[in-house]
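See the structures that follow.
Two complexes come next, and they have one chain in common, subunit A, joined by subunit B in the first and subunit C in the second.
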Partner chain A sequence: MLKTWFRRLSGTDLIMYAIGVTVTIAIIWGSLATLASGKYSLPQWQDLVVFGLAQGSIYALIALGYTLVYGILRMINFAHSEVFMSGPFTAYFVARALDQSGFLERSPVVGMLIVTAASMLTSLVIAILVERVAYRPLRNAPRLVPLITAIGASYALQYVFRGLYGSGVERYPELAIFKGEWFLAGVRVLRTQAVVIVAAIALMAVLYVFVMLSKTGKAMRAVSEDKDAAALMGIDVDRIIATTFAVGGALAGAAGILYVLIFGQVQFYMGFVPGIKAFTAAVLGGIGNVPGAMVGGLFLGVFESVGPSLFLDGLGIPAPYQLKDVIAFAMLVLFLIFRPSGILGERLATKKA
Partner chain B sequence: MAILELNDVHTYYGHIHALRGISLRVELGEIVTLIGGNGAGKSTTLNTISGLLRPRQGDIRLYSEDLRLLKPHEVVAKGVVQVPEGRRVFGRLTVTENLEMGAFTRQRGEVAAHMERVYALFPRLKERRRQLAGTLSGGEQQMLAMGRALMAQPKVLLLDEPSMGLAPVLVDSIFDTIRQLHGAGTTILLVEQNARMALQVADRGYVIQTGEVILHDTAANLRENESVQKAYLGVS
Partner chain C sequence: MKSPRTYVLIGLLLAALTVSACGGAPSAAAPTSAPAATSAPATGPEQGEPYLLGAFFSTTGPASSLGEPEANTVTMLAEQINAQGGVLGPDGKLHQLEVKMYDDQSDATVAVEVVKKLIDEDKVTVIVGGSGSPASIAVIETVTGASVPFVSVASSSKIVTKDDGSQHQWVFKTPQQNLPVAQVQYEWMAAHGFNQIASLGVNNAFGADSMAALKMLAGEEGMEIVWEGTFEAGDTDFNAQLTAIAGTPAEVLVVHATPGEGAPLTVQFRDLGLEMPIIHNHGIGNRAFIDTAGDAAEGVLFPIGKLLVASQLPDSDPQKATLLQYQADYQARFGKPPSTFGGHAWDAVMMVKGALEAVGTDSAAIRGYLESEITNFVGISGIFNITAQDHTGIGKESLVLVEITDGDWKYVDPAQYASVP
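Up next is the complex of A and B:
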């Protein structure tokens, strides 16, 4: 058993395993060193975890868009980061108008719901447009072609929105109801963070029920397994694919408003980093796997929030917080090498890819 | 009047001329079988009828309505439903969910009654209704594939090699089901490599070879035909 395993190991495998083991040891070593030094207090750790959960729930919502589309078309929709940007960037003008008229001050909840609806609707429309214009004509092209188109669509959208709304950073109006903090079992949670986490979980629950129980959700699963068989059942495959893009887009639009609650500002370039992080989260959770995207998002959010203080600090790396993104992408690379099927183990390689 | 009629249908895969002028017709309540060797063009014929492939030339009519330009889901909505070769059940959906997908074009209110009828025809499926289709045996998957198509209440049922890869007992039971459906008045176009069984249940048959109909007659006559016996019934 062990022998055959050894014989099958090639040189590159050995190097890969060596890297994996080194990274694992470094993480454990760094964490132990940090914890032993007692540099951070418990509330500080709690703050980092809560921030990570809030950030992670946003990643999770965006990651669902990647995973739903991958599940159905086996392609990475790299324009999804711009689908995410288009919502809150457009809704900013709605928010500003509502703010100037005083409506947002008077009824902040209704106001924010209107802004969120505007964001979701915009992202939904953009997602459908991308599918219709950029992907559908290439449905039967070799797999590399839609990938290149996706990158093209991504840049095209960035510059369309820059052309429409300008390249400046726009600040959303601040609302009194989102200021302040709550304590939950002794843990401090900013109001914005609480709203983000609760809203994201609610949306994910709705999505899960939709995919598992609704007629359209079942058809989405059928199409993702076998398009021709689904068509032979009378399912309009094109419509189901468009619906999938629409659902992913609406979730990204909602995620955009949650992003604004935490970071307060929008810009044409804002989709890039969250988009690629969410893609990482989708891979972590097992791309194509809906619960996986949720788990992957939360995991990545917490990991990159806690990670710098936890193990980079312990390893004596200066200014560890600036290495947050490095952690996320190192994770992506490590997962692609060692566990491409992701945490929840959708059998990516064995499936008829 | 023929319920389903193909007239000089030509279908290509790129440059490959797979159907070279297929003409056939199926009358109401009939079982018509399409027999032929590997690569003769049987599946291509069914997929052209179903709209998965576009014929470059020729007519496909359901009653006198043109099906040629319809998309696959529209063909299903017209009442022509295919059970594809290799069953193609949705492995990660449950048995019940697979049947619901079969009823995709039907009104919500009808589904429960149709499902009871399918379960009555295949009691085995009812026992396994909560199981994922991917965990069923080959025979059960074939029952599910047929049950799923019946959920759409087809006017014409297209069966592509329903006996493929099944043990002899199961082949018998699938053909029993086909007889039962025939008895209930279902119109069937049956593609088979198992010509012996197919010619026993069918009313009429077409023999196709390299994309052309080389012979068509009543099933009884085809069973007696010497060249058919030699080529497809293993009689020497």
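Up next is the complex of A and C:
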């Protein structure tokens, strides 16, 4: 057994393992050095973890959109980052109108629910539109073709929204109810962070129940297993695909409002980085796998938040915080090499790809 | 299998892409000339040949928020000068000022091309412009090679200063250096008795220059930079940096940024509940910062040129009248208040106007005038005293400390430093 494994070992494998071992050692070494230096206190680590969880739950919600679509169509919807942007950017005008009329001040909870609904609805409509215009006509084309139109659709949407709303940065009205902090077992949690985490988990739970228990969810899973067989069983495949895009879009719209709660501002380019991070999260969790996207998002958020301080600082890297994105994308590459199936997922290479 | 409709849709997408990719890139070939001799004065000096002024600004692209007020100011000044008959040259004749103006599209390569065009085709003998530091630095070689004086409106010290500390012979600039900005910040810190600082800046030429200035002066000011960090232009999340700062003994946070990152950074700084005061540099001196940071901007301090708070300056300030006049003229002509950047262009054009009046259009003579005759020149960015050793000519006294209060800029008298924020 061990003998055959040795015989099969090629030069490339050795280099790969060497990279893997080096990265692992660097991470452990850096972490130990940082912890030994005592540069960060326990409350600081807690702050970083909580922030990572909040950011990660936003990634997770967006990642669900990638993963749902991949599960059914085996394609990456690169326009999803713009679906995410379209919601909060449009809802900004609703929020501003509510703010100017004083309604948002009087009943902030109802007001925010209206704003969230506007955001989810916009993203949902945009997602369906993208599917109808850019993907459905190419359903039977080679798999590279919808990927190209996805990138085209992404840019087209970005510039359509820039044209509609302008290229400036817009600030959402600030609400008093989201100010301040709570302490949970001694850990400080900002109110916005708490709202983000709770809302995201609730939405994910609703989605999970929907996919597992509802009739439409069952049909979605059937289409994901085998489109042709599902069609033979009387499932309207086009309708189910459109529904999938709609669900993913609505979640992205909700994620957009949560993003706004933390960062407070919107602009036409805001979707790109969170979108690509969420895609990374989807791959980390195992693309096509719904719980995987949730785990991947949270994992990426925390890793990215804690990582620079934990192991880059200790390695003596002069500008650790800027390497946050490097950590995220390096992890994407490492996962694709060493564990393409993701944390919870199935094997990409063998079964579906 | 594929319907014609599919191709139409793909075509539409491609068209949208092409349009967006080419958007905002008009040809640089057509210069926009300021209105030249329309009405000759009936009496007074004889009318001579128009004087040419070369100008290039980033009126499109990422630096357009700088280039637009600059180009506007040049247009406005040329109109004003020509309405009075023109520039009274050393030959005793009035010369209309003809501005040859180009857009460098916020691209240093285009800047070099248009400067070559200004020199070779338009035959200008003096040039103002270069909205961004990269564009200004890129054209140093061209203007030096052609022996044409160039007055830059961008701020990097590298525009006028060579690595050995001497000045580029043909290049001058009107904005402040970063060093005096740090000096004002230190004066304010000294008034509070602070001596431990956290310094956080954007990782580009602007942030690095400003951070280096702060660091360079720390020793002689008796201050210690206990934490230093950077972020990337375009970042929205500063949680890791701010959390790290919270754990240091720093008494004040100094930020080196423009509103794009400076505003969300300040919002997160307040959200995290950090209690130390926050002081920015001159990079946040426009409305966008207050608009996007909202309540978080309250109590933010930063040193900047006097234009923002001109009306609040004490009447004894020698620049006050000039500043108010420029504000009123710009507001009347363009319907909005001018920015500090437009002020840099004002200084450049008015210095060149002085040179044209004194020595005419000879490039070498203009250069000589700029280097030796600009003394106590009351401008918008400061009171200039240019010498062969200093092609900027303004220092700390050209700056004031400003506090953001009730969504507006408030002038802080140096005697009051200890009581703000």
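The working rule: the second predicted complex is superposed on the first by the 352 of 353 C-alpha atoms of A that agree within 3 Å, B and C clash if a C-alpha of one lies under 4 Å from a C-alpha of the other, contacts with A are read in each partner's own complex, and residues count from 1 in each chain.
To be clear about the criterion, a contact is a pair of C-beta atoms (placed from the backbone, for glycine too) under 8 Å apart; a residue touches a chain by one contact, two chains touch by 3 or more.
Note that the coordinates shown come from a computational prediction; the quantities given were computed from them, not determined experimentally.
Undergrad: For A:264 in the superposed arrangement: first (subunit B), second (subunit C), both or neither?
TA: Only subunit C; A:264 stays clear of subunit B.
Undergrad: Between subunit B and subunit C, whom does A:138 touch in the aligned arrangement: first, second, both, or neither?
TA: Only subunit C; A:138 stays clear of subunit B.
Undergrad: In the superposed arrangement, does A:12 touch subunit B (first), subunit C (second), both or neither?
TA: Neither partner.
Undergrad: A:44 contacts which: subunit B (first), subunit C (second), both, neither?
TA: In the superposed model, A:44 contacts subunit C only, not subunit B.
Undergrad: More subunit A residues touched by subunit B or by subunit C?
TA: Of subunit B and subunit C, C contacts more residues of subunit A.
Undergrad: Now for A:159: first (subunit B), second (subunit C), both, or neither, which partner does it touch?
TA: After superposition on chain A, A:159 lies in contact with subunit C alone.
Undergrad: Which residues would you name on subunit A as touching subunit B in one complex and subunit C in the other?
TA: No residue of subunit A touches both subunit B and subunit C.
Undergrad: Which residues of subunit B touch subunit A once you look at their complex with the stated criterion?
TA: For this pair, the touching residues of subunit B are 50-52, 71-73, 76-77, 81-82, 84, 88-93, 97, 100-102, 104-105, 108, 148-149, 152.
Undergrad: Inside the complex, what are the residues of subunit C that reach subunit A?
TA: 1-3, 5-6, 9-10, 13-14, 16-17, 19-20, 23, 203, 229-232, 235-237, 239-241, 243-244, 246-247, 260, 263-264, 267, 271-273, 288, 291-295
Undergrad: Going by the contact rule at the top, pick out the subunit A residues touching subunit B in the complex.
TA: For this pair, the touching residues of subunit A are 215, 218-219, 221-222, 225-226, 228-237.
Undergrad: In their shared complex, at which residues does subunit A touch subunit C?
TA: 39-41, 44, 47-48, 51, 55, 133-134, 137-138, 140-141, 149, 152-153, 155-156, 158-160, 168-171, 174, 181, 190, 192, 263-265, 270, 273, 305, 308-309, 319, 321-322, 324-325
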